[in-house]
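See the structures that follow.
Each of the next two complexes has chain A plus one more chain, namely chain B in the first and chain C in the second.
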Partner chain A sequence: MAEKQVNSQLEQFSYDDGIVRKFFFATVLWGAVAFLVGVIIALQMANWKFNFGLQWITFGRLRPLHTNAAIFAFAGNAVFAGIYYSSQRLLKARMFSDLLSCIHFWGWQLIIVSAALTLPFGITVGKEYAELEWPIDIGITVIWVVFAVNFFGTIFRRRERHIYVAIWFYIATIVTVAILHIVNSINLPVSIWKSYPIYAGVQDALVQWWYGHNAVAFFLTTPFLGLMYYFMPKAAGKPVYSYRLSIVHFWALVFLYIWAGPHHLLYTSLPDWAQTLGSVFSVVLIAPSWGGMINGLLTLRGAWHRVREEPVLKFFVAGVTFYGMSTFEGPMMSIKSVNLLAHYTDWIIAHVHGGALGWNGFMTFGMLYWLVPKLWKTKLYSTALANAHFWLGLFGIVLYMLSMWAAGITQGLMLRGLDPTGHLLYPDFVETVTKIAPLFWIRLIGGLMFFTGFLLMIYNLIKSISGAEAAEAVVHSEPRLSPAPAIGVKPGESPHRIIEGLPAIFTVLTVVAVLVASAMSLLPALLSEDLVEANPAFKPYSALELQGRDLYVREGCYLCHSQMIRPTHAETLRYGPASLSQESMYDHPFQWGSKRTGPDLARVGGKYPDLWHFRHMMDPREVVANSIMPTYPWLYSQKTDFGVLQKKLSVMKSIGVPYTAEEIEKAEPNAREQAKRIAEGLSASGVNVDIADKEIVALISYLQKLGRDYRNMTAAPGGAK
Partner chain B sequence: MMMREVLSHFQLTYLPIAGMFIFLSLFIGCTVWVWRTGSSQVYKDISELPLSEEKTA
Partner chain C sequence: MSDDKEKLLDHLYDGIQELDNRLPAWWVGLFYLTIAWAVGYFYYYNIGSGPTLGQELREEQNQWALIQAKNPTAAGGGADEEAVLAAVIKDESRIKHGKEMFATKCLACHGPLGGGGIGPNLTDNFWIHGSKPTQIANIIRTGVNDKGMPPWGPLLKPEEVHSLVAFVKSLKGTNPPGAKAPQGNEEK
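Take a look at the complex of A and B:
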């Protein structure tokens, strides 16, 4: 290129592949953890006994560990390995700072370890995929900034004028994830391991799903698309099918994705127009997603015969195809009528695993197989084993998805089924669960196959690497871009050169696209104080109820139970009138849930006597035959922490819950008093152990509060609802 | 409050339509710009970047 001839001063440099090797190992290690924990919780779903009565590995606590390990540890490290490898080569520069690379690596592993050490203890904020408590959140922010500085520093020092599309995707990832993480994790601490989100109810739900949806977009999609645009051409030995399409793909995706978040909240008490907005944009999202998929697949034009022989290409082709499937299924599930059936069921579980195992998993495996001979002086130990991995993985995913589709659709249809007289066909929730229980075993087999394939890969990689030396760093010489790339644009050049040549402008444009869309889709949240009219009928939790609620969060009950009744005939018949936004206006965090393995609990208060809950939590099967809910015996021996309540109430007050000074002052004695009343009631019905100071009582007080205010409000003038 | 009045009477059709309109114009703009004349060689060069490493190394 012209400027290179002008400046013929050559610089010598080499790439830092040591850091790539580190992330490579971390990917494999944490992948094993994520998949193993996944298999364990699949087993627990099939039979609850497999938590062995240990609170640390009960479903509600392991499930966040599984999702965090899969997303942030496995996929995260894979993304970093791929970014560090490809960016250096695309920018013709070593990473900006070896020290920052090192801090990034070890810092990220430290975050993962602290997640693994806190989540089993029930230390969680209680928002899906954002469970980690505030000290870890701060750690994530710091490490992310380190990564960003390192990455942008490398761009600044690059020796290649053009910024290849993969780098664009990485830039979008880095800036957007930072925005998402910070906005969604603004929590007010009560103690070192406990905090409450500053948002509540509808507002919290909207912020959370703006985050959740876009974490999928910008942590699991854009970086992997960047990897696709780099590694597919590498593996195929051909440039990407259409570079132009990749540009349109990029901008359309960045612009559209953010708007779609509310599709996680269809038929909830989120304002209708916000739901419609989310729906519409989700459907449109098919277009850029499929543009990307087609671009990836067509990169193999003329090389299809090699897919038969080369495992790397097999994984990439299947991975991109799964991307296409998931991005078709997602928009389809955002259509309100489809969503009505799919939401809260295992269909969603099928969907996410198509994406996570098929797209993220397979792209990662392809990349790892491709990287081994590049990072070490070696060849892949066995192509046959890699092929076996592929087929085991593929059939594993298929079994997984088929069983969960079947489970989701079956349960969804049963739950809404009405007989000719308009009554529920299956009034007992547990009937719908026992029906699909066999499918949980099939899912387990699918998961085991996928995991076995993964273990084959580990063996294969170890065999390939053991005894092999790390590949020597090649010294490259390239002319320097002078004086700095940003100033190197000449007057006569076309505007695209300016935009592509100026990462700063490019980054700003991306941030603008993200912020505008975020502002629009968060509008109801930002204005929710105006939107949700306070109603004196709905009162904040008492101190004891709040403590019970924190136990509900600690045990991860929200991972099996929703608290959001949608306005449909079947649902109101089953659970009571549709939820109002006021009902959760003091809920920091909101507990609407996203999956109903058990029934909705929004109005469970008053449905049963305290004694029922007392027995049910000890062993659900005592009161509901065939229940698959786990047991919670430790709640009966562990003591309620009354001492912390005053602090909790005052933190709640500072984020907008209208507690009076007296309520805060007397939080502890009030809670003890309420606990005593419940314990007395229980003992009158025959429970003859002293349990007033035990956690179970706090939990019962919370469960009995759910829906109580609504009932009182409707019962006031004209009797029961 | 005022804002609540506005929001609750908000015509829900406006926002998606406005959003779609912005998106479509950006989309068309982007597409036209990408296929502008004389850009072929530039894109060809850029798309070779991932493969150029083997050549220079």
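Take a look at the complex of A and C:
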């Protein structure tokens, strides 16, 4: 061919491993933070006293810090380290721009630091894994675009005609995370650190769990599969088991994953058919997920003896096995009868940690151990220590999962237990909590073991690296690719080979798959008429109640309390009739919750007098012996921000909450008036401090509003349907 | 599968090679099976005759209603409740049972000795909703919306409610220290 001669001159280049070393260190550093905070909140669950009555470290504020640190800081930096290392080699090209690499690195660390500096102050949107406020969201978008330009630029400059399966997974990751993040984070600002999502209630729930589920898919699954496809065959020195399987399971995953989001919303007021869709797509995902596991494990055929000696391979094998377990457990939990038991309980926590500690954690550790001698002129300091890390980590995870499975199933069964006459066996919610409290201690031990193993790794890495020089950049020479795309395949080759040679087309196809699946799974439900039937009985929050609601979000109450009564007999006995979609139609964001460490609060309004809440929030054990809920003393001294209310109401109005001009105008005086009434009622029942302007009053007004409209509707003549 | 039968592709990426093994038959089977199951499951619940979540709930509630109809005391408040209660309030063991429950469920609002707090004093002669045992049983079961007395009917068994009535009735005239001022109407 003529082109060959034209391009036969060799180009010289070297890989940028400095950036990989940076991400390497960041992974280790943020891993330590994420695990440490995890251990702290595990301790707080085991004993409420470890909340110390301090607002910055109370459970509801630390839990988002833990999840964000684990996902975006630890796993995120690990993914970047792996992608920067492997992509350059797989594409035979240095990263497109060292400057962009540098901006990507420091920008991402800045985002993490700003998350760590805002979440403990209660600055949060109140949607799980999308807590960060709008200025940080914009930062994430910018940095992600920088990353994308850098990555696709490298593909553009590649010297390898075809892109390898790891690169496919990276492409899917980069484009999908961008779509998910942007669509789910459309929030309207009230101020620099406060905004409201434009979606409300059911719609917000649907978008949020489309995001939440696919963040797991495209931030914690596809990039790690990409890493697996690079690092496992490298470490084992064996060819990948099946190229065809790679093709089939890649496209199946990319297209099918998107649909499964509503499995987080089973038995809610989302329309039935949307729920069923979430269930069935989850089950269909088993085989595509296992495709990855098979391809990983079977790549090791003939190398199993090395797994015994080589900690890197041990971590990979266990990691991939955890992946297989989680991707089987998840679909099972999406079947509604299983979900009814598992949802809202610690079973979900067990599931998540199988994936996070087992799959993401172990794959990362294997990768870090493997990278050390490649990035530095050194050997791993101690294989024995790495093996100890492996076993400590493994038993830690097992202990964690067994204890949380036991806790989840026990509490799930107790909460639904009925005696032969149809009465609840355990009417006091707190009974079910005291029962599982010992298991929280066992979970803590499991977490500590995992953390100890991680500290051993840090020691091992420091010992390996200290004094060692960075590996020298090797200069490679390779011919430049001809600019003309090579269309066509050799005889007997899969037609898929064509698009492997055309990354732009490949990327477009991936985007189309993701967008089509997203549109088909979101739009019919979002546009459906029966999603939320307007009903005048359900009224927006008063200004004071809205302020109270923002406090509820700020304190992370939704991390222990749900606001969604599921349509089952046991639940209607315990909490009242099943929740309607109208009840949350003005909720920006929705607060249905995903975990019931405490009881559902959808109808708590009117259940107790104001004085009860007043005493309960100060110290829950004053009114409920054995409660494990934290104390909230700062709500009794901090003043309610009345000044911001007019702005808040007008922002709410612009996203569809029907406040009248007068309500907005008078937001502040109305709120003060309502607060005064509540405070007077409290002082009539013996509270002799002036509290009308304190936050606790706003919070109480919100708690009393929950379920009030529903009750009024059913109490009104002819109101009940 | 033995290695020599496997086809090694001429792909080479940074030293990584790829085999072209066929998709494992069981894997393909599993994939098809789940797809078939998904179609059937969706059809049954959303197009075919499967129950909706609302129907499932009604069905479950009807079943319990039937059980309770067969066994009138299961729901509480049967026609003979007056007679039953008359016996229960004299039964020391039931009073003790009621006292134990009171300590975990009612103490927060009615005080450890029933002298009142968030809720009214239960030891005096004044009653908002009446002092007859059946009236007390009813108020415990239904609660008072918006006044802050929770409904215990869905949570407690009829015998448990009765024991609580027995305990409440036993409080009369105990006049504990710090008792709340009277509320409601005087009854002898």
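The criterion applied here is as follows: the second predicted complex is superposed on the first by the 692 of 721 C-alpha atoms of A that agree within 3 Å, B and C clash if a C-alpha of one lies under 4 Å from a C-alpha of the other, contacts with A are read in each partner's own complex, and residues count from 1 in each chain.
In the analysis below, contacts are C-beta pairs under 8 Å (C-beta built on N, C-alpha and C of every residue); 3 or more make two chains touch, one makes a residue touch a chain.
Just so it is clear, the model here is predicted, and its values are computed rather than measured.
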* Asked: Does chain C touch more residues of chain A than chain B does, or is it the other way round?
  -> C
* To do: Return first, second, both or neither, reflecting whether A:572 touches chain B, chain C, both chains, or no partner chain.
  => second
* **First, second, both or neither for A:715, with chain B first and chain C second** => second
* **Which superposed partner A:606 touches (first chain B, second chain C, both, neither)** => second
* Asked: Between chain B (first) and chain C (second), which does A:341 come into contact with in this model arrangement: first, second, both, or neither?
  -> neither
* Asked: Which partner does A:325 contact after superposing on A: first (chain B), second (chain C), both, neither?
  -> neither
* **Which of chain B and chain C A:474 touches, first, second, both or neither** => first
* Answer with first, second, both or neither: which of chain B and chain C does A:520 touch in the superposed model? => first
* Contacts of A:267 with chain B and chain C, given as first, second, both or neither -> second
* State whether A:276 touches chain B only (first), chain C only (second), both chains, or neither. => both
* To do: Check chain A for residues that touch chain B in one structure and chain C in the other, and list them.
  => 86, 89-90, 160, 162, 164, 230, 233-234, 239-240, 243-244, 248, 252, 272-273, 276-277, 280-281, 284
* Structure fact -> So, in the complex, the side of chain B touching chain A is made of residues 1, 3-4, 7-8, 10-13, 15-16, 19-20, 23, 26-27, 30-31, 33-36, 38-39, 42-51, 53, 56-57
* Asked: Which positions of chain A touch chain B when the two form their complex?
  -> 1, 86, 89-90, 160, 162, 164-166, 229-230, 233-234, 237-240, 243-244, 247-248, 251-252, 255-256, 259, 271-273, 276-277, 280-281, 284, 474, 476, 478, 494, 496-497, 500, 520, 524, 527, 530-531, 533
* Structure fact -> Contacts from chain A onto chain C in the complex sit at residues 86, 89-90, 92, 160, 162, 164, 230, 233-234, 239-246, 248, 252, 267, 272-273, 275-277, 279-281, 283-284, 286-288, 290-291, 294, 298, 302, 418-424, 427-428, 567-569, 572-574, 578, 606-609, 611-612, 615, 622-625, 685, 711, 715
* To do: Could you please specify the touching residues of chain C with respect to chain A in the complex?
  => 3, 8-9, 11, 13-24, 27-28, 30-31, 34-35, 37-39, 41-42, 45-46, 52-54, 56-57, 60-61, 64, 67-68, 71, 74, 104-105, 108-109, 117-119, 145-148, 150, 152, 154-158
